[in-house]
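Both complexes shown next keep chain A, but they swap its partner, so chain B is in the first and chain C is in the second.
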Partner chain A sequence: MTTTMTPPHRSATAGARRGAERGGWRRGRAPRRGRGPSRRKEALWGYAFIAPTGLGIAVFYLWPVLQTAYFSLTEWGAFGGHTWTGLDNYRRLSSDPEVGRALVNTLTYTGLGLLSIPLAIGFAVLLNRKGMRFVGFYRTLFFLPVVTMPVAIAMVWRWLYNGDYGLINYLLSLIGIDGPNWVADPATALYALVVVGVWSSVGYNLIIFLAGLQAIPKEYYEAAAIDGAGPFRQFFSVTLPLLSPTAFFVSVVSVIGSLQLFDLVYVMAGSGAGARANPAFPRLETVVQLFYDRAFVTNDRGYAAAIVMMLLLVIVVLTAVQFRFQKRWVHYA
Partner chain B sequence: MWMSKRLGAVALATMLAVSACSGGGDGKAAAADPNAKVTLSYGVWDANQKPVMETLATEFTKTHPNITVQVQLTPWADYWTKLKAAVTGGAAPDVFWMNGPNFQLYASNKVIAPMPGDADLSVYPKPLTDLYTFEGKPYGLPKDMDTVAVWYNKKLFDAKKLPYPKDDWTWADFTDTAAKLSDPAKGVYGTAAQLGSFQEYQYDTIAQAGGYVISPDGKKSGYSDPKTIAGLKFWTDLIENKSSPDLKTMTDTTPIQLFEAGKIAMYWGGSWNVSEFTANSYTKGKVDVAPLPRGEKQATIIHGVANVVSTKTSHPDQAWEFVRYLGSKQAAEILGQKGPIPAYDGTQTAWVKAHPELKLQTFLDSVSYAVPFPVSKNTAAWNEAELTYLTKAWTGQEPIDKAATELAQAMDTLLAKE
Partner chain C sequence: MRKNLGVHTILIAAALAMVAPFCWQIVTSLKSLSNATKVPPSLLPEGRWDNYGKVFDVLPFGHQFLNTVLMAGLRTIGQVLFCSMAAYAFARLRFPGRNVLFGILLSVLMVPPQLFIIPQYQIISSLGWLNSLQALVVPGLFSAFGVFLLRQFFLGLPKELEEAAAIDGAGPVRIYWSIVLPLARPGLVALALLVLLWSWNDLFWPLVVNTDPGKMTLSAGLASLQGQFQTDYPVLMAGSLLASLPIIAVFTVLQRQFIQGIATSGIKG
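The block that comes next holds the complex of A and B.
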């Protein structure tokens, strides 16, 4: 807050002063030790500072990934102890119909889940308007689902969606519509899930877009207004292009998140092995759900490792594609 | 004088040092010394039974002052996942609850230890001790037992002026009664053909029809057997005749919730439901118990939890001592006051008398014709297949004989891998 309040010229001078001091420090030592060693020393300090985090990532993320890659080439039972089976798990993966349908479901969910981006932009623009009252209240309201546990969200929505006693079907019955069993009907289950997913992620995306909106300089709008652009023209010609880097970030993050969907399905489809008794299960099964079943229910952990390696590949490819196509639509101001 | 004083001090110091050393030695020998203080961890999954288990632990400590037992509760939904992770990480509880479907997996992987020495197993029902025997050796003592019966809502019977079920009723009687009790327009059904808890539904009717789930040697599936299919068709027919809600409805609202809302007249449940139905404000005073109807023969599934000991425990002697206590008559009597049916022969009267308003004797009488719970080394794998294939028949998407035959093939493949 204080930095944005400081008049620009003062912070600029402060920066220049800091720069001079830094230069002075360099100059004072440069003649004696030379630039090379000092730079190396600086780099060394840099590594020292990121070491705690780096080590954490190496131990808790990279090492497990490598281990999983290794285990995906083995047959691994319930309690450890594995035998090398080469590419057997991957061969089985390519012909397993359950993997295919889990992938289709997951990708459909991910694609539809992107709907939360236009929604979040819309709400962010509305909440960013000048003279809006109770802004803090609305922002809290939208953010609430983000700080609520996904399991709690899923439990509540499960009841809302209940075919006979749910609030949604009760409201529909008031206007004479006989609603389906939302999460038990193969025709509606996945879409019912998408609604919950979008609903619970809009708040988070909204906050990021609000930050993006506030970074757009007012001068652009003034200039656009002078040129005769109305609010809609301003939105499409100024706001949207300048918000595109934020949208890109949100899209990358939410695609990765959606591809790992598990908790919502696990709770909403019916808990544990019970989910398989849900007639809509073939339309709800996600890749991570399948991984969970293989790893923790049927004790087929080597195969489970192969499933997550496949998911890792899908995530890498989809993220790479997004980075490649960002040039077409992302404008960095 | 001065010298002697000083010598005395040295002597005292030496003595102290020696005794301190021997004290340290005692600490090191803790594992072997039967009198050393030991804390055992005891893994359980039922929150309702946690207080009883804690009472038993306290009672045990009274006679074994050196052993304290810590009851660790993990809810059912996460119990096996967490236990497997704990075993892999070497942090399993010393003593824990085991069930039939998981037993062979744990025994064959040497996660749990066979019982040392002799134990009198004749005091427990034979199907239960057989369930916890692997390669001829018993691996634990049964703690409790449960059988299945029909819980019925007397109010719904009275409303239709129907007589309550008789002890010798048959499949035809059941189906007729269910049809008469059903009123689909009001959302009321005679029964609920649940899918997902085979112990109270499919396994019972399969046995009653004279079929089988798995061959005695654990190598072949019985699902393609025409008698087994008849046991499954019993349920799909009930759904088709609208004597049971359809699978979608039962997915949204589970049969037990429907029963507790007065929407289901006859609920196939276990003896473990007693505490639930006597506490629930709706079912309290409105329900009673009848034996399962007779098909080609009379049958109910018997199952029970056993206490087992981890192979990795650092206190095997104390752990077995505790398991022996839990399997004793004395412990069974405490358990029967406020828990499930104790497995120990002759200790069940307290359990029956706890609720004189219910015909709880039904559950005990059915032990005489009870059949064991079907299991193999990796039961969970084909349990999943059961759901995957039978769901298609339960929704009416596929005829039951086709779904069951497909299931038999899938199950045979899985059994071959064990």
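The block that comes next holds the complex of A and C.
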């Protein structure tokens, strides 16, 4: 019985030996028929344990993905029936100026939203300084926007951005600037949105970078200090390279998240039907918002399915590009 | 403190930028509409607490609050239970097809959620569940992310206790319930907090399935309020504050566990 008490095997050969001894199978190899009832029982329990999630995922997630792919090749009638139209939706998509605009808006928002990363790194480095006090206090404040309902955040900012009564334009007027109508002005709307996006994501990224910083061994800094490196040199030669895997991860996750922007813009543009009255709407509409509109307002679900298939493609491509270029700047210690 | 004076100046400025919108929200929520739309604005609140009462007049706020609590609560309980079961099987039990099934699960994790929505809506609609609590809860009971997160956590737990229990004749159910779950508490709490937060703040799905105001969640209800022609900003600010306060309170208290959750799921996931 002592064999079962040994720590989990580390090398493949030890694993194989152990597996052979016990007549079982290893991970990654085709399962052998179990010897004795206990092996079969274990397998049955395995299926039983994954059954609820497995069925739920199959019905509500796996099958829907396939269905959406299929729907993107159909056109929906007014009463819910749909007919096969092949690639028509994709042809329509490629020449639809609204899709083009939504894509440009979304990509611009995503690109500018990455500003959150250097900001979060900066604040994390400041908070991580030796002998820093009130870290928990600052962290809590940075954290507030992360847990606040996006709808509420969008409302507060819409009010702050209000052209006539907003606090921001009042503060600008104190220094003699006549502020624009922010989210209702095509020239500023998208940038106003980016500010809110960055403001609400800095705290989340800050937490991840703080964890990344705390994982850097102190010895590296001691060695750098002995070699005469000052704080700036230490930041660029020790902190940044060792933080780059974390930054890479945050960048991948942020891009995927930003490409799916909906809540903030749904409310800030003026909620649903009201949004179309906003003169800046063409500069605010995102891909997911367009999807919402086609799928659940105009009930053009085949086309809506094609729009999200395009979104999937954009996400896959941008993620792949980031993985491709990570060698240029990510250092794995 | 003196040594880090410059650093604190920067951080205080940034922290102010983080908090100022919330302060303005509170100040506005305590003003009358005519005072809120005065130029120049007054920076001080009045004592117009009746704005908070008005939230309950313009929205079925009590119902929406309850809907949100039930949706977030039931999704959280469901996911913690179902995901931990599946995660235990994937981490510890051996059964044919385990790796293939786990691979399929991971592939679901990578698909943006908008791809699920139209067919999910069709299912809910064909079951006659539109405008119901089931519509809000049922698809959210299952999560590939939750299984992945907890499996990673379970793999990091020491096996010795489980092996000892197996020798004593405990079956998988007993081991899962009496050994793995208690040991995995930090992981379960982290998942629960994430699900709670996402569900409470979710907009797209509730907006789509429940269009009857009495069946809406707070997110969707507030968003619908703003779409109306006249915008009463003080009441909007009061409503959005009431809607976000419960979750802010939970997370201020449980900050440490939540941060641990983000840090581990973030870096390992």
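In the analysis below, the second predicted complex is superposed on the first by the 269 of 333 C-alpha atoms of A that agree within 3 Å, B and C clash if a C-alpha of one lies under 4 Å from a C-alpha of the other, contacts with A are read in each partner's own complex, and residues count from 1 in each chain.
Definition applied: a residue touches a chain if its C-beta (ideal position, glycine included) is under 8 Å from a C-beta of that chain, and two chains touch if they have at least 3 such contacts.
For clarity, every value in this text was computed on a predicted model and none was experimentally measured.
Participant: Taking the superposition as given, does A:Tyr165 touch the first partner, chain B, the second, chain C, both, or neither?
Facilitator: Both partners, chain B and chain C.
Participant: First (chain B), second (chain C), both or neither: which does A:Phe143 touch?
Facilitator: Touch status of A:Phe143: second partner only.
Participant: With both complexes superposed on chain A, which partner does A:Phe262 reach: first (chain B), second (chain C), both or neither?
Facilitator: A:Phe262: touches chain C, not chain B.
Participant: Please determine whether it is chain B or chain C that touches the greater number of chain A residues.
Facilitator: C
Participant: Now for A:Ile50: first (chain B), second (chain C), both, or neither, which partner does it touch?
Facilitator: second
Participant: State whether A:Trp329 touches chain B only (first), chain C only (second), both chains, or neither.
Facilitator: A:Trp329 contacts neither chain B nor chain C.
Participant: By the touch definition at the top of the document, which applies to A:Phe296: first (chain B), second (chain C), both, or neither?
Facilitator: In the superposed model, A:Phe296 contacts both chain B and chain C.
Participant: Just chain B (first), just chain C (second), both, or neither: which does A:Leu126 touch?
Facilitator: Once the two structures are laid over each other on A, A:Leu126 reaches chain C alone.
Participant: Applying the touch criterion given at the start, work out whether A:Trp84 contacts chain B, chain C, both or neither, answering first, second, both or neither.
Facilitator: In the superposition, A:Trp84 contacts neither chain B nor chain C.
Participant: Check the residue A:Phe236 against both partner chains and state whether it touches chain B (first), chain C (second), both, or neither.
Facilitator: After superposition on chain A, A:Phe236 lies in contact with neither partner.
Participant: For chain A, which residues belong to both interfaces, chain B and chain C?
Facilitator: After superposing on chain A, chain A residues 162, 164-165, 270-274, 296 contact both chain B and chain C.
Participant: Using the touch definition up top, name the residues of chain C that touch chain A in the complex.
Facilitator: It is residues 1, 3-4, 7-8, 10-11, 14-15, 17-19, 21-22, 24-25, 28, 36-41, 82-83, 85-86, 88-90, 93-99, 101, 104-105, 108, 111-123, 138-139, 141-144, 147, 159-160, 163-164, 166-167, 171-173, 176, 197, 200-201, 203-204, 207-208, 218-219, 222-224, 226-227, 233, 236-237, 240-241, 243-244, 247-248, 251-252, 255, 259, 262-263, 266-267 of chain C that touch chain A.
Participant: Taking the complex as given, what residues does chain B use to touch chain A?
Facilitator: For this pair, the touching residues of chain B are 77, 80-81, 84, 87-88, 105, 109, 111, 187, 195-196, 247-249, 251-253, 378, 380-381, 383-384, 387-388, 391, 394-395.
Participant: Enumerate the contact residues on chain A facing chain B in the complex.
Facilitator: 77-81, 161-166, 181, 183-185, 270-274, 276-281, 293, 296-300
Participant: Quick one: which bits of chain A touch chain C in the complex? Just the residue numbers, please.
Facilitator: On the chain A side, the touching residues are 1, 4-5, 7-8, 24-25, 27-28, 31, 39, 42-47, 49-50, 52-54, 56-57, 59-65, 67-68, 71, 123, 126-127, 129, 131-134, 136, 138-145, 147-153, 155-160, 162, 164-165, 167, 170, 173, 199, 202-204, 207-208, 210-212, 246, 249-250, 253, 256, 259-260, 262-263, 266-267, 270-274, 288, 291-292, 295-296, 301, 304-305, 308-309, 311-312, 315.
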